[in-house]
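Letters A, B, C, D and E name the chains as they come in the text, with residue numbers starting at 1 for each one.
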Amino acid sequence: MDWISAIVQGTLLGGLYALFAAGLSLIFGVMRLVNIAHGDLIVLAAYMGLSTTVMLGIHPFVALLIVAPAMAGIGYVLQRGILNRTLGDDILPPLLVTFGLSVILQNALLEAYSADPQKMNAGVIETASVPVGGLTLGVLPLLTFAIAVAVIAGLQFIFYRTSLGRAFRATSDNSDIAQLMGLNKAHVFGMAMALALAVTAIAGILLGVRTSFDPSVGGARLIFGFEAVIIGGLGNLWGTLAGGVILGVAQTLGAKIDPGWQLLAGHIAFLVVLAVRPQGLFPRVAH
Amino acid sequence: QTPTIKVGHVSPRTGPLAGFAEADDFVLEGIQAALSGGVENNGKSYNIEIISKDSQSNPNRAAEVAADLILGDEVDIMVAASTPDTTNPVSDQAEINEVPCITTDCPWQPYFFGRNGNPAEGFDFTYHFFWGLEDVIGNFLDLWGSSGAAQNIGGLFPNDADGNAWGDPELGFPKPLSEAGYTLTDPGRYQPLNDDFSNYIAAFKDAGCEIITGNMIPPDFATFWAQAAQQNFRPKVVTIGKALLFPSVIESLGDRGDGLTSEVWWSPNHPFNSSLTGDSAGDLANGYTAATGRPWTQPIGFKHALFEVVRDVVSRAADLDDPMAIVDAIKSTNMSTIVGDVNFGAGPVPNVTKTPLVAGQWQKTGDAMELVITNNAAAPNIPVGGELKLLS
Amino acid sequence: MPKPVLSLHKLDAHYGDFQALFGVDMDIAAGEVVAIIGANGAGKTTLLRSIAGLLKNQAAQVTYQGDAIGALRADLVAHKGIALVPEGRQLFPSLSVEENLQIGAHTGRAGPWSLDKVYGLFPILKERKDQASTTLSGGQQQMVAIGRALMANPDVILFDEISLGLAPVIIKSIYDVLPNIVGDGMTALIVEQDISKALSVSSRVYCLQEGRVSLTGATNTISRDDITRAYFGVGA
Amino acid sequence: MTARISRTSRSAQVAMVIAALGLIVLAAAPWWAGRADLRLLGEIYLYLSLAMLWNLMAGYAGLVSVGQQAYVGFGGYMLFALTMFAGLHPILAILAGGVLAALLSVPIAALIFRLKGAYFAIGTWVMAEVFRLSFAQASSLGGGSGSSLPVDVVKSFAASRSGREALSYWLALGAAVVVIACVYLFLRSNRGLALTAIRDSEVAAAGLGINIWRTKLEVYVVTSAFTAIIGGLIFLQKLRISPDAAFSVNDWTAFVIFIVVIGGIGTLEGPIIGTILFFLLRETLADLGTTYLIVLGLVAIGIMLKAPKGVWGLIRSRFDLELFPLSYRVKSDNSDKGA
Amino acid sequence: MSALLSIKDLQKSFGAVIVADASSFDVAQGEAVGILGPNGAGKTSLFNLITGALRADAGTIHFDDQDITKISAAARCKLGVARSFQIPQPFAGMTVFENALVGATQGGGLRGREAEVHALDVLDETGLADKANMRAGSLSLLERKRLELARALSAKPKLLLLDEIAGGLTDAECGALIDTIKRIHANGTTIIWIEHVVHALMAVAERLIVIDFGRKIAEGEPKAVMDSPEVKEIYLGIAADA
């Protein structure tokens, strides 16, 4: 039972990681952009949620109605203003620019909100639980997992069933040829970043409800996001969910052996997957 | 022309530990005002100049700025506070560069043993005042004893300097707890910024733990505490070091902060006065609230006391140009401060002395959360402010 | 000659330090079908990329319907009605056949071409519409590439090496439909190494050598020897 | 044949003379500089060395690693472990750390060389995390809390304080000189020529008989060993080690990437210029705390957008300068034409 | 006459595109062979297979009595196989001389002064001596093609593979190129040359191989091959209707 419980909890944790990773996966899949600032953008969203809830006295989930569009706007401007100019075969310019962005975000948040840990109050949902076949599961983790699935299903739908998604895929395949079709690469990438940051807003709000956060906590979660994306395979959103779950389960199982092994087990799972399949488990485009 | 004594001060102004240093500006202003007339030494008046640097909560950076202060600013005395991540690298630099150094705000075991100190030899230049694990254990035992909860304890110790010291089988909690008849369930050391405590919670539930203790950083505690509720784990007493020190953290937990318990190093109700300004603990805390609009925090008293000791040492040193003479003055310190007595002659190991510690509980009074002292067996001169209440 | 719809004025093109085109002049009248021939690396692809906006030039170096478009981004050029069928087909591998065609219509320009009309032209594509574009044969891929460009309802269409790497039968079938495409007044530039094929559909020819126009004239007035000399720079 | 090959230029000769003079002046620093300056210079040398090494890897071999902190931390920990438990002299321990790092880097390379581009970068980062978490489990080295270098070990390094300071300064200076000299001589050698060829075109390089995988592996192993040695020297200065400090991605990799890319990647001059810029920024602004870091971020973004080849790239596009003479110049002695 | 290069049943495809379809042929020590075929026939791919830039799906390649089917491109070069690239791949950041020096020191295995002299000789031979100090990235297309030849030669190959180096030359230049290649051949280097400029090829090649869709469709004495009806139809579209 303990092991089953560990696996279930790990799966739910994987939902959280997948949510962290979903935006990253989109950015990486469409623009091949390694976004070092992603973790800090999640924290930024959490702070925006906090300010909104405090100022308007609304529930954090309602605050999403404001935070998600705001983050999307930030994403669009960021992509068109800065990030588009760093794209190319060389991964260093985006790496360094997003590193700079990450440092700026962290310190600007520190100036604005201080280093105090903050938390958003979502009321009873935070502590509610439901019994499921002998296990007691938190409503919030279940909700997080469900949201992760919904977000990924939504992204998958946009990606594969809409003209915007078609534009994403075409521009990602070959941006020059996509331009020939009349697609403005800068705008398409801007839209992709906007969508990614809207997802980031969801991740940020859930993070801020789940635990307390301060300006420095973004970086620590970034690496799990990358791992989930890579385990899943480039550009495969369901793969990203699977990657998150693999990481989460590896962590809880590792922790069952010894809590010191929790994070290590996740990383080792990642390395093992890569040793066996360097392109990830479910790459969308086979090479 | 009055000569100047330079004091280097390292503290985590920014980064995850910044809560410890939030009152720095206020305290330093007060100290500078109090010292503006200079300090008498052997009939001569000296100015005291405090040069403060930020460790960014990063031990690398702490070592760097300490070295800058010692080598660049050529400070005569180093001081530092707030967790082993600050005190240890700063003390190491001071020791090796032969500069007298006084630190606080870190239990003495992680300070002393964390620096590979040897009780037979001690250190030459570095001194520390605070309480120790035995004190926190004594207080917690007292608190738990008065709670009537079952003697089954769950331990949450991270793999960091504090967590390793608290959970150490020899020097930390495990031994005294079993001696006192408690059963400790300690699944192991987790890595800070943990996202999942379900294994801990399952183990605590299995063992029927009614008391939870440990030493955590705030985000980890918040994660644990939410997950505990989600998994229907409802201990009667939760006593956690570090995470529950600051009002802002308790506030962020909402109603779930009510009833949590913690060690209390200092409070406005401590019956001590500043040797520098004559202010009582209450005066100092109220001054902070008046100046900033924020609730008082425990490090205020210790930051103030750090400079009380500095002033005392400067006034007594036989020769302020000789670091060894300053060290001798530190060694012979025996004074009352706003956090209690500091007497380096009476420490558990060389270079270390202890200040009194009590235990308390965050209780909701009206709209605000207040840290109420509930147990004072270890320091009866510090008054109790209320009764311990069980969480469930 | 009627007023040109598309003209190049002293067009230069560079890849970094490397100059690929040197002062190319060209005038194309509406409805004309012009062939551009030249050896490997002569600069034919570069020329088409410059017109399509994939290579940036000075605005005045390319004019289209009176507008200086040399400095315009490729997507804006596409919106103006110039479509390129790129060398090597360059389909979008993560799009299905039909999606590849649909994305061609992104500019939303009105005109005779629609999905149905393209399927009418290449019936085999309708059968394969949900297949991944990479699983088609080379000839079928070339059909998609052409169909994709037509979906934009362009006024000017640029073909880059449509017969490259295709079997003779396929080449023949593609050249057979070409008159249907350019028949109703569409202007076309055809880059081709298969000289006889190129000449068979065009009314005028430009020959490029080393980034310069080495020969130009009406198809029926130019001799094979002229072409060979202009093409290789040596007498055959 | 009357042509002659020369591998130097006027600007390089001038630079060499200035560098030699500068080196003499710097070597004498313990006699003319203050203690703080000595320490700062020591730190600059160590960062310069890290930057040189990372530049060799990323700028020439195309191995964009964000996990070099693995080796910095490893070197640091080996200093502590080997002095505390094996009783080695600190200098020996640091060198041994380099050798061990080289051995360790081979199996790691076998794993992460399977990854390309961004995947490689993230793989190296995860590897460094594995190092960090593993050392956090080593309770004899203080686990997650870390450990201080015992006073007697420090004293065994040099008896007096000033002797210790001078010695650790010279070690840092020596390390930087050795690293720069090694990287320079390597790039001047035939293998360096091969590596530069790989940088320009892998497929042509392979076609000319260059074993790409092995060349990259050699670079990876050698840089790992040197990086570990530099790590040992860094923590000899810091005297205290903990997993978070030892394996900090910001301190040992992000700042180094900043230095190299800002200075000009794929050149030998770039890391030098980048190091100077980085320390100028830090020394003038570090006391501003958050503002300093925000400025650092802005500089990174600004330079990447305005001068993607870095400051040296900007200089070189204006003037045809080469301070490190790597290129070959063919000079014909007679006036007769070559062909 | 022993075969220097011997190819048996070589098979390679990219998805549906077959670039080598059970190809087999031998090249004798000291021979000069020309390869012809329409665009996309698989000529360059054949070179890629011989040099190891591509791995064969099936079949074997023997060079100098050694099975080289599975060894790396670098190892093949060390054994004596060097090639020029149809799309020039200069080491753009290095000078022309350094480009040649890479070949001399790596594939050629020469050291120090010896390597430098060899590199200079090769530049002399290919008419690039006065460009020795130029950055390869700033060469014109024709110079780049010449550099391809120079770099391949600098590796001291036993077998030299040339991929379309005569396109776009003037009569005089083409003549000089033919002389150069003849000289290289006379020095004992075995040559396989892919070329669309047929008269240049005819001037050097002792044997022609014609391929289409990865298949060998004709092989033999140059004149006879060029006169064969298949070649006329498939390859010389121009000649047929001229």
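Going forward, a contact is a pair of C-beta atoms (placed from the backbone, for glycine too) under 8 Å apart; a residue touches a chain by one contact, two chains touch by 3 or more.
These figures come from a predicted structure and were not determined experimentally.
The chains touching chain D as well as chain E do not exist; no chain touches both. The chains that touch chain A as well as chain C do not exist here; no chain meets both.
With respect to chain A, maximal separation of chain centres occurs for E (centres as means of Cα atoms). Set side by side, the interfaces C-E and B-D show unequal numbers of C-beta pairs in contact, with more at B-D. Note on chain placement: the centre of chain A and the centre of chain D lie 33 Å apart, centres being C-alpha means.
Mean C-alpha positions place chain B and chain C at a centre distance of 76 Å.
Averaged C-alpha coordinates put the centre of chain A at 37 Å from the centre of chain B. Within chain D, residues 133, 136-137, 290 each touch two or more of the remaining chains.
Residue positions 107, 110, 260, 263 of chain A are each in touch with at least two other chains.
Chain pairs that touch one another are A-B, A-C, A-D, B-D, C-E, D-E.
On the chain E side of its complex with chain D, the touching residues are 51-53, 72-75, 77-78, 82-83, 85, 89-95, 97-99, 101-103, 105-109, 111, 115-117, 120-121, 123-124, 127-130, 132-133, 151, 155.
Those residues of chain B that touch chain D in the shared complex are 13-14, 53-54, 56, 58-60, 63-64, 67-68, 70-74, 84-85, 88-89, 92-93, 95-98, 110, 114-116, 123, 158-165, 189, 191-192.
Across the interface of their complex, chain A is touched by residues 52-54, 73-76, 78-79, 83-84, 86, 90, 92-95, 99, 102-104, 106-107, 148-149, 152 of chain C. Interface residues of chain D, counted against chain A in their complex, comprise 58, 64, 66, 111, 114-119, 121-123, 125-127, 129-130, 133-134, 136-137, 254, 257-258, 261, 265, 290-291, 293-294, 296-301, 304-305, 308.
Listed in rising order, the residues of chain E touching chain C in the complex are 15-17, 39-40, 86-87, 92, 135, 137-142, 164, 167-171, 174, 196-197, 199, 213, 234, 237-238, 241-242.
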